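Two complexes follow with subunit A in common, the first pairing it with subunit B and the second with subunit C.
And then the complex of A and B:
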């Protein structure tokens, strides 16, 4: 006998009710992501999407600085923001709060601060964001949520939209909070894992901070939608130890770090990502290649650029060539398996299409974590 | 406001104090603004703590208020707004206060008192880390264990008011902790667990109605205490995560790495490391389910 009670899929008057089960998929392959973007971001808006994202992430950094949030709140907020536009149309209409990416950004920060256990009032988040954007929060605006056309203070209307967007966001992350501070008894944000790994490997201060700087750059990329945080952390460490720059502009130094080169090479050779950090190798490879590509294309905009000298002394060339050299070295790494992610197959997968928020109000939508799925297998079979 | 009025008002505030951070701050602010009348206000605080009619919950809240007051007094005096009011007076009264907040017959304020005393200790030069560590340890002696075996009463050691009052306060607290460990061990050893369902009223019925000593809590007090402790816990977590960053820098700085990462993380010992790896393996299960194709 099955002790779990089945959810009735008939309504009271005997008519069947739509039930949808949404299983959380925190990670997608690159081709799935580009397929999803093709559904939500028009070809003509691609550039605008990227520019807006860049501006918003810059703003978010200023916000977390003022509110003194740790970096993991920023990382989670940026993760949510990018996840949001996998399933939701990007219009880039700033004057319409229903479509305003800044409302989405505030919402992501709100939910991230809750999930990371650094709670602030929404009012405080709003006031910092609006001040940085030079918006007068108290100015009266027309209440677009109400047909009467009455006016309402800007921040009050914004608040209503943020809360409505929060419910949307929750559906889009499939109510999966497993990347937060409280799950798994360890902090699973890349920055925290990374430094813990460095300490485990006994990597010196200079290389650890280099890894941490790279981590900050990578935080704002969609890599967090592709591979899990521990694999990103190991990929960053491997790249740092391969780069091993002689010069980083730092105020603090550890005694003897100049003579540490040989030991660092030994550490690099000894790393076994499966054994030491439970990281599936193929996912680490994916991370390494992605990060190298990122620096090859974006180096001049990166934080790393501020810390490394323009010309690498050993190579006698600009830093970017070092990343290109490494790319060459790693070119043969085994990539992720994307057999089932062909465009034609993606089209038939409803999970990857834009999420209809009305589904949940029309019928029953149920959200669950992947590893809890088996519990409901029997029930899903009945529904055929 | 004259001294008498200020004292009456403070007494009123403290008698109705709830442990929400706003209320604690407001009370502390009142005491600081009127710090020129410290000679009247300090005895008021001590009178309330010593008042046998005050319920234990309120005494615990007042100790939290003392914690906030000491911290604010330091903070504002560093900005030269005051000259360290209340600090000396409260510090020398600490042993007395702790004995009132933790009466012989009841240990329900033990943990809250520990948290506050730990906060208070941070402001003074005396190194209290030894006591903080001890609080987490098993304090029972050989003698205690044989007493527990023989189902004998706990007899508290007389404390000698010697040395610094802060140290004395810690010693009293540790003695109370030992008592609580003793009583728990004795209870586990000599009484049988109940298998039957106990209804709610009976469960909460610790205090006999005729008991006027205020040493045991009534059902209403227990419930409000749960609410209050939740509030206090929230408060203690509120600022744990704060990261201060340089205003002049437009991107992340080395200092943040040094303060919040490099000096905070340490190599894990063997058992912690194993647990850490287990958590990561747990994460892998979620990860594997996320991809359509088998990746690893």
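And then the complex of A and C:
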């Protein structure tokens, strides 16, 4: 078992010290994720979890716009948030800071901005978030961290909780700051990768925008916990080139792109995921099927919905049918084999159980980058 | 002093003669930086000597310090004989610990130790190891941004290792602004002094050029007293950049009110660096080009004739070591 390895060591007083080796695992299969969620999110809280996540991601988007952070800070923060609730119980108790998902959200933003080198003071992050939520951060509240029952300013208490949560989050990401990319030399955020890949393939403005809109929708899904960013980017491009919508509602148009159809088909046929982008094909396929499923189920709530006409002219039907048609076409794709991740196996894999934060206080936790990353070794050669 | 604990009661941390943390013993404190305390220790299983850098979490207002984050992030990715090895990362109840290979000396200590004589072969060997290390970083699109003699540590076997990645940064996003407030002043490239928001690995190459000069002079080459003085000292030694030698330099934010100094003649440089051969001077001039686009990169530097002319670079194990004098307080040793 590669997850938790107990190595008793002798300390100087002869008592064994428990050491827990934590190996960073940036990716999980869908069944591993649902197994982990089954432990952290009660059946009755599932809906609330999703609604809260949606609200929080909307809020984070506003925050990064105000702070003029690049989109990759948002992507990383959303990745952290979703990762957090794989290992940590979701209670959705907003009035108890110990369980408040907004404290988690601020923490994710804090660590994401540090990791992406967009540093802002925690106080400033809090103030933007609290203002957007209409919370008076100077109001006195009971200091729940202190038995004296003294009161303390809301933002001061919030900051204490954020800092404690940061240490938890660091343990959950196993001090791995690579965002699942195998090497820091490649861009780790899907939106940056998309720009690069579209350029590389000489894809026109209209299609690049389309893929960017899809990226925007997919960014907030758990797909980032399943496959690496460059595979997501390629999956998005393949879907865009398959959709090839005649009309996108855009303020800005490049001239002469209407006649590009044939060329786009040629580009699509020529794409070789492994050769051009060092993406294992199964992982790209995984991404394609996930994205199609996403639109089949959530199209009406998607960003894309605002930019495509309700009825697709070619098909003469609502857009959603186009995704269903594509799914039909892709149904035979070889995707990830989950036989190694059966429910019964997941139950015995301690890595997937809720992270015991007191572990580190019982002994010592050591953190290593996992070699499961070898799965994605091909990406090593990509040049930024 | 530690991260605020929520729910669980604080766990008392044993002070003094620390417990065997995991596979490592923490023995005595060897130094303290702004965000960490460094201890000497041993890897219990192998007996290998190591350094444990204990990050002071909580006391910093905003949680995990950026320098610590960068050090973990970049050192986890880099493995090279001339880059300090991050052996392990572990956390105790309130602390993050980085286990590093133990490097008991650094280049600044040697430069300042007037008992020690450097030959051109020694200097060549240190330059070669520094360039190999930085070449590895740049090949991985990582800028160090704080090269200076006291961040070039020396292993017991004489190998030089680039250390202190607290200011390092990946070069992933070409259009983004970067902070120009990086690199310790005396080793700061002119584009940084002018406040450039976009720069490249050339800033590290400049630092290496200035370190090269310092190895030959045995005193800091461009010791500016403050940021304004640094511009003056730099240009007095190497000439004031003009549009001719550095196109578009005048559009950089802090390019104004400069005293114009002429470029130094070759003879002036020969006089200043009396020990340098012509090839050594060539390399130094290439590394200290004012225009970053003309400065030589790590590949060109490593292929430079200076490294193939005689004398041969000294074998690391034969390089000069710290002279053994009366006991110096270790903690103060590397403080500037």
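One rule holds for everything that comes next: the second predicted complex is superposed on the first by the 358 of 384 C-alpha atoms of A that agree within 3 Å, B and C clash if a C-alpha of one lies under 4 Å from a C-alpha of the other, contacts with A are read in each partner's own complex, and residues count from 1 in each chain.
Everything below uses one rule, namely that a residue touches a chain if its C-beta (ideal position, glycine included) is under 8 Å from a C-beta of that chain, and two chains touch if they have at least 3 such contacts.
Model, not experiment: these values are computed from the prediction.
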item	value
Subunit C versus subunit B on the shared subunit A, clash or fit after superposition	clash
Contacts of A:228 with subunit B and subunit C, given as first, second, both or neither	first
Which superposed partner A:45 touches (first subunit B, second subunit C, both, neither)	neither
Subunit B versus subunit C as contact partner of A:70, first or second or both or neither	both
Partner chain(s) touched by A:327 [first = subunit B, second = subunit C, both, neither]	neither
Contacts of A:117 with subunit B and subunit C, given as first, second, both or neither	both
Contacts of A:37 with subunit B and subunit C, given as first, second, both or neither	neither
Contacts of A:188 with subunit B and subunit C, given as first, second, both or neither	both
First (subunit B), second (subunit C), both or neither touched by A:131	neither
Which superposed partner A:164 touches (first subunit B, second subunit C, both, neither)	second
Part of subunit C, among the options 112-120, 130-138, 148-156 or 310-318, whose backbone runs into subunit B after overlay	112-120
On subunit A, positions contacted by subunit B and by subunit C	70, 117, 119, 178, 184-186, 188, 192, 369
Subunit C - residues contacting subunit A, complex	3-8, 11, 17, 19-23, 44, 57-58, 61-64, 66, 69, 72-74, 76-77, 88-94, 96, 140-142, 169-173, 176
Touching residues (chain side subunit A, partner subunit C) in the complex	7, 9-13, 17, 19, 70, 72, 98, 110-111, 114-115, 117, 119, 121-122, 145, 160-167, 170-171, 175-178, 183-188, 192, 357-358, 360-361, 363-369, 384
Subunit A-facing residues of subunit B, complex	237-238, 241-245, 247, 251-252, 254, 256-258, 260-262, 264-268, 273, 275-277, 279-287, 289-296
Subunit A to subunit B touching residues, read off their complex	23-29, 61, 65, 68-71, 116-119, 178, 184-186, 188, 191-192, 195-196, 198-200, 202, 205, 208-209, 212-213, 216, 227-228, 230, 250-252, 277-283, 303, 306, 336-341, 369-371, 373
